[in-house]
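Have a look at this one.
Chain nomenclature is as follows: A, B, C, D, E and F, assigned in order of appearance, with residue numbering initiated at 1 for each chain independently.
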Amino acid sequence: MKIGILVNEGPYTHQASDSAYQFAVAALKGGQSVHRVFFYHDGVYNGSSLTDPPRDDRQIVDRWSKLATEHKIDLVVCVAAALRRGIREQNLAPGFRISGLGQLVESGIQADRLVVFGD
Amino acid sequence: MLHTVNKSPFASSTLTQCLNHLAAGAAVLLIEDGVYGATAGTGAGAQIASCLKRFPVYVLGPDLEARGISSNQVVEGVVTVDYTGFVKLVVEHDAVQSWL
Amino acid sequence: MSEGDGETTGVVKKFLFVNRKAPYGTIYALEALEVVLISAAFDQDVSLAFLDDGVYQLVSANNPAGIGMKNFSHTYRALDDYDITKLYVERESLTERGVSEDAFIVPVTVVSRAEMGHIMAAQDVVLSF
Amino acid sequence: MLHTVNKSPFASSTLTQCLNHLAAGAAVLLIEDGVYGATAGTGAGAQIASCLKRFPVYVLGPDLEARGISSNQVVEGVVTVDYTGFVKLVVEHDAVQSWL
Amino acid sequence: MSEGDGETTGVVKKFLFVNRKAPYGTIYALEALEVVLISAAFDQDVSLAFLDDGVYQLVSANNPAGIGMKNFSHTYRALDDYDITKLYVERESLTERGVSEDAFIVPVTVVSRAEMGHIMAAQDVVLSF
Amino acid sequence: MKIGILVNEGPYTHQASDSAYQFAVAALKGGQSVHRVFFYHDGVYNGSSLTDPPRDDRQIVDRWSKLATEHKIDLVVCVAAALRRGIREQNLAPGFRISGLGQLVESGIQADRLVVFGD
């Protein structure tokens, strides 16, 4: 089954990004496919290449990047939300791409389920 | 429809509102700070117990553990699941509504 | 719009946008509306639900000039041009807040809490922000 | 102590909690989504009316206007101030507590 | 610490850190604790208030390994080393949540809601997150 | 009177930053002095030089920068919170500086009032 994921909050501040990540990992382990992870609202901050959290803490941006590489997951950051918040190509982490809101609606249509994580 | 609730019922009216909107085929999954709602002996716990008469209620185990809530504090009848169980619930229900 | 083409052609799903947050205090209402407008290009069966503090989004007298923000209430009027006409507002949420649908910027269908529950249950995709 | 509340009382328990903790010399200022609490004829409005018997309550005018709440909808006795008035309240009270 | 020197020398204010949010669901509790620890270097009269969902921060059985987060409960134990000993917890908040102070990781002073109100009223600087 | 301001939320997402700005402007107009504006939690995003909001919307980061220049206001972004969230010298807007949490406590001590804006 194809599952789409929407992440509405940034890393560290709210648990939404953590929950979405743990959910995505479990879905992949369980043999489901992750159609796309769409980052909206403050969720776009998950795509920042400049985060440098304490070493003994989880590396939220890095693990999204790794998930994208290892499982060919499409990580899409909303362009309008990103511009408002200072995320651009120049500070976009590997594995993420910037695109329009149509990608979220498309995920709703193409995926069998859409799961939203937010505040 | 699988309904997820991620807010503490003591700070937010979200759990109450979710429970007020359940229809046939609904199930509830408490995640993140929403798991506090599963605590037996509280007002929220009573709402959950009442809900259980008509709908299944699940709670995410890793979120319970994170918050130091042991299984014997959880309202009887609430089923604890892990992230794999969360995925399974999503697959088994025709759609998911997140109460944010 | 090209976004509506491609692999999605022909599939029509029931999309529900759930609005439960007040405008201006946070950006969720405004950014949710942006998704609704984009969804119009995909020829889906789109509904909007307004309940809890989400009912405040439709109040026509909103005037955020004094807090330096843009008034986006008029955007709800544009929904009709995009053939998005299913706007459901929960009666109990209005009553609790002392808000009348007469104060709204667009025509809506006022439904009971129970009816709202059934509308929600009938959806394929539920987007909440 | 000047207490500010910025949450809608219909979504959050913050206004109630603030009002429960007022002591001598306290004043309350509703800002942002907190201004919904000043609406007459609601449960929150009744709490504010009761509070007014002991403490002054203010509401930020620009936030009321932003949300389309006219002055005749505001609980009687609540004083509307602008940002200049907000600053004045901060200066006049010995400290400020924001209920976030 | 050099941060405690300079112009602030000699001034002692009553600082209250108000904790009303649950841990882990958001970062506020953790980042609030970071400010509390820094404040110790400034020789101020520091108190901590735990009420509403903030009381959950002190539960000793917290174990966030399963959600991939660090357990920061033990940091509350370090407060004593910094001479931060005034930890006030509101009784009504405990009762409403079915939480017992026996479950706490550090000794606290349990106070009534009315007493908490008086503690708040006595402060010079109130920091809430 | 010296007033310190703490901003806990990022631009656009929550009104906190707007309220803090309007409050600061009113304080200055009323003859008060703004001791410092400290940005903590998601508040650090107010210091991003890369935001590019719609032209007809308020320019939140720019107006903080201008306030700093025109009134010599000290805008301090918390270093620990900023590292976690991808704000560094390289994407720090003019008028902001990155420093430690001690600057917040110091503001509490030195200012006559400290006003907190958050979620």
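FYI, a contact is a pair of C-beta atoms (placed from the backbone, for glycine too) under 8 Å apart; a residue touches a chain by one contact, two chains touch by 3 or more.
Nothing here was measured: the structure is a model prediction, and the numbers come from that model.
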* Asked: Given the touch definition stated above, what is the smallest step count connecting chain C to chain D?
  -> 1
* Structure fact -> When each step joins two chains that touch, the fewest steps from chain D to chain E total 1
* **Chain pair with more C-beta contacts, A-B versus A-E** => A-B
* Asked: Any idea if chain B and chain D meet via the same residues, over half in common, or different ones?
  -> same
* To do: Determine, using the mean of C-alpha atoms as each chain's centre, which chain is farthest from chain D.
  => A
* chain B and chain C: spacing of chain centres that average the CA atoms, whole Å -> 26
* To do: Could you give the separation in Å between the centres of chain A and chain C, each centre being the mean of its C-alpha atoms?
  => 24
* Report the inter-chain centroid distance for chain B and chain F in whole angstrom, where each centroid is the mean of the CA atoms. => 38
* Asked: Using the touch rule from the top of the page, what residues of chain E touch 2 or more other chains?
  -> 20, 24-27, 52, 67, 69, 125-126, 128-129
* Structure fact -> Two or more other chains are touched by the chain D residues 6, 10-11, 13, 32-33, 62, 82, 95-96, 98, 100
* To do: Could you list the positions in chain F whose residues touch two or more of the other chains?
  => 8, 12-13, 15, 19, 22, 41, 57, 114, 116, 118
* Asked: Okay, what are all the chain pairs that touch?
  -> A-B, A-C, A-E, A-F, B-C, B-D, B-E, C-D, C-F, D-E, D-F, E-F
* Show which residues of chain D lie in contact with chain B when the two form their complex. => 10-14
* **For the chain F and chain C complex, residues of the former touching the latter** => 12-15, 18-19, 21-22, 56-58
* In their shared complex, at which residues does chain F touch chain D? -> 1, 3, 8, 15-16, 19, 22-23, 25-27, 29-30, 32, 113-119
* Which positions of chain C touch chain F when the two form their complex? -> 24-27, 67-70
* Asked: What does chain A use to touch chain F in their complex?
  -> 10-13, 41-42, 45, 48-54, 57, 61, 83-88, 90-91
